[in-house]
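Heads up: the structure comes next, in structure tokens.
Per-chain residue numbering starts at 1, and chain names A, B and C are given in the order in which the chains are listed.
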Amino acid sequence: MEKINKTQLARKSAVQSRWYGNRRRTFFLVFALTLMVVDMYLIFVWAPTESVMGHVQRIFYIHVPMAWTAFLAFFLVFLASILYLPVRKAPAWTRRWRLWERNPIWDIVASSAAEIGLVFTTLVLITGPIWAKPIWGIWWTWDARLTTTLVLWLIYVAYLMLRAYSSNRSQAGVYSAVLGIIGFIDVIIVYRAVDWWETQHQRLVVSFDRFDVASDMRLVLYFSTFTFLVLFGYLMWQLISIKRLEITIRQTKDKLSMAKIRDARR
Amino acid sequence: MIDRTPKLAVRVEDLTKGFGEAPVLRDLDIRVGWGRILVIFGANGSGKTTFLKVLSTQYSPDQGKIWMAGIPRSEDPVSIRNIIGVVAHQPMLYQDMSTVENLLFFSRMYRIVDPRKRVAEVTELFGIKSLLERRVGTLSHGMQKRVAIARALLHTPPILLMDEPESGLDEESLYLVMKTLQDYVDQGRTVLMTTHNVDIGLDLASEVAVLSDGAFRYHGNREGIDTDKFRSTYLGRMEVGS
Amino acid sequence: MKTFLLCIMLIAWKDIRLEFRSREVVISSLVFAVLVMVLFNFALNVTPDTVDIFAPGVLWVSFVFAGVLAMSRSFAVEKDKGTLDALLLCPVSRDVLFLGKMLALFVFMIVVELLLLPVFAVLFDFSAFSGTLISTIVLATLGFATLGAIFSSMAVNTRSREIMLPILFFPLVAPVIIGAVERTNGVIGTDTGIVGSGRWLQLIAVFDAVFLVLCPWAFGIVMEE
């Protein structure tokens, strides 16, 4: 075991606790929160009131960006799942990603994206009815986008439950990677299916975003999307570093217990 | 890199295998030649079963390379399965089918020419003729083990992997198995087996290895081992995970 | 190629033969499906004029529930008796094992579904049998069997396997259910005809094609090839 310099360690942890672990990340958080404040101002004060729906329509600027983020998160799960599973012959430029083995970082990315994605998806499913009820008088419409989001939510839950109920960590990683890939491809088909189904049944008197979007509104929408993406990025950064720490802790504990056994035998 | 003249029956380099927590097998190396019976000793939880399962292609290694009879595992696991026979703890037989149905099914899966003839041969060899028409579920554990061993030898694999074969066998079955193994090996094939029974193990072995801490701490010929000394050292260190 | 097909058939036939003797899967699935239909009848308060609206949905939900029963058994028995390991040791690639199990599952489900049709016809006054219905049943069941087999193989290795299979299976099989119900609607004439029957067939066919490629590969990963 290497010699531990106690002063250095103390100094390092003091710095770490002041900056909440990482200076750059903390700045990023401040950036994200600032954007959020500005965004809220834009949404609730600056944006023009929609003629038909009134103030309730403002929830659109939260609902839609979160939906996009939720689907982006799932795409990330898909990508990370692919990168996690070993490929025998990976091209040379991917060396750094170590694709020939089960590189744990990809598993961390996938599970982080899934956890955060689930939260965003849940919020989409909550803000949807909040928007719908005052305007159209019903909580839920089985429109293509909302329904696909519901299915996405269910797949996220299945993904996280699969991880939770796996017999060991290795299995959790491999099985959820498989589900990540199958699930993503499935969601694409689900969207197509529900879209045709909605057309077929023509029950949609309401339509969430088929109102006149003035250019000012578009601006707020794009800004809001950017804000939520930044927030998502921060959450990913934070969650990934937490998970990496957890792994380090576990490995250190293992090393310690192995060392203890070896010492005991001597 | 394919080893074209399989000088070695089994060749393992830097094998690492884990299930998410600490690795069970770590940087494990071993080479086994032909016509040998390698008996592997190790405490409970030392990774003996995991090791055999990696060799039998049931598990894939996290890291490391394996060649079975010169066939690299990473490139052609299917061919490896052709040249190994496996006898595990569980008999791995279909309980609701009769013995002969089980044997015929696996013969056909192994693409044996004239399955009925081959099945007749092994049943003769293992003295299980009387069990043929009986549902496997009605057989005792020892009987099922015998059938399982017969099944493993259907395709006369050059390499046999056995996980504690002596467990659950009565005197007669045990004698039969030991004799079969000896004949098998005399024809140039190799057997790898794990066991907890020091007596039977040392009796059968031509090579001995001890698995501990995820790798082989000892690997040598049977001749160089003093039975009593081995037993006391081995048993003396017996604690879980050592 | 020949051994590929031969071994698939061997595995499927083995399952079918075992089922032939005990008839467990088919009977329990059948009974369960009939129970579901009866329950639906009470729950939905079906009357002669509304029966056409409910019928296709009830049919397919019953099929799916019956199917899940068959799926969970498919790999559970193999795992419990250790025979899954025996299969994994056979000199065939993992796809062959998967396709063999899937084929057997497909056959069981089709048998149950064909036996259910007359019961359904009586309970829900359903008389529109046609080639379209048969082709829908075949293609949709193919999709069910494919996803069912892979998720069954995964669920069986986890804790709480009974709940993992439905949780994995139901959300992902949604497009097939949508397509099947809509096509059945087309058969009995209650659909609006905006999205043609061909489109729904396309949906199920594409689904099947995609997952028939994806799932055998996934099985290899799950079984650590």
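Just so it is clear, contacts are C-beta pairs under 8 Å (C-beta built on N, C-alpha and C of every residue); 3 or more make two chains touch, one makes a residue touch a chain.
For clarity, every value in this text was computed on a predicted model and none was experimentally measured.
**Q** Return the chain whose centre of C-alpha atoms lies at maximal distance from the corresponding centre of chain A.
**A** B
**Q** Report the chain ID whose CA centroid sits closest to the centroid of the full protein CA set.
**A** C
**Q** Roughly how many whole angstrom separate the Cα centroids of chain A and chain B?
**A** That pair's centroid distance is 46 Å.
**Q** Using mean C-alpha positions as chain centres, tell me how far chain A is from chain C in Å, no decimals.
**A** 32
**Q** Can you check how far apart chain B and chain C are, centre to centre, with Cα atoms defining each centre and the answer in Å?
**A** So the centroids are 38 Å from each other.
**Q** Going through chain C residue by residue, note those that touch at least 2 other chains and give them in order.
**A** 224
**Q** Which residues of chain A are in contact with two or more other chains?
**A** 171
**Q** Would you tell me which residues of chain C are touching chain A in their complex?
**A** Result: residues 150, 154, 157-160, 164, 167-168, 170-172, 174-175, 178-179, 182, 191-192, 194-195, 199-200, 203, 206-207, 210-211, 214-215, 218, 221-222, 224 of chain C touch chain A.
**Q** Name, in rising order, each residue of chain B that touches chain C in their complex.
**A** Interface residues on the chain B side: 56-60, 77-79, 81-82, 84, 86, 88, 90-97, 105-106, 108-111, 151.
**Q** So in the complex, the part of chain A that touches chain C is made up of which residues?
**A** 85, 151, 154-155, 157-158, 161-162, 165-167, 171, 174-175, 177-179, 181-183, 185-186, 189-190, 192-194, 196-197, 199-202
**Q** Across the complex, what residues on chain C touch chain B?
**A** Those residues of chain C that touch chain B are 3, 6-7, 10-11, 14, 17-18, 21-22, 81-83, 85-93, 224-225.
**Q** Under the touch definition given earlier, write down the residues of chain A that touch chain B in their complex.
**A** It is residues 88, 101-102, 168-173, 250-251, 254, 258, 261, 265 of chain A that touch chain B.
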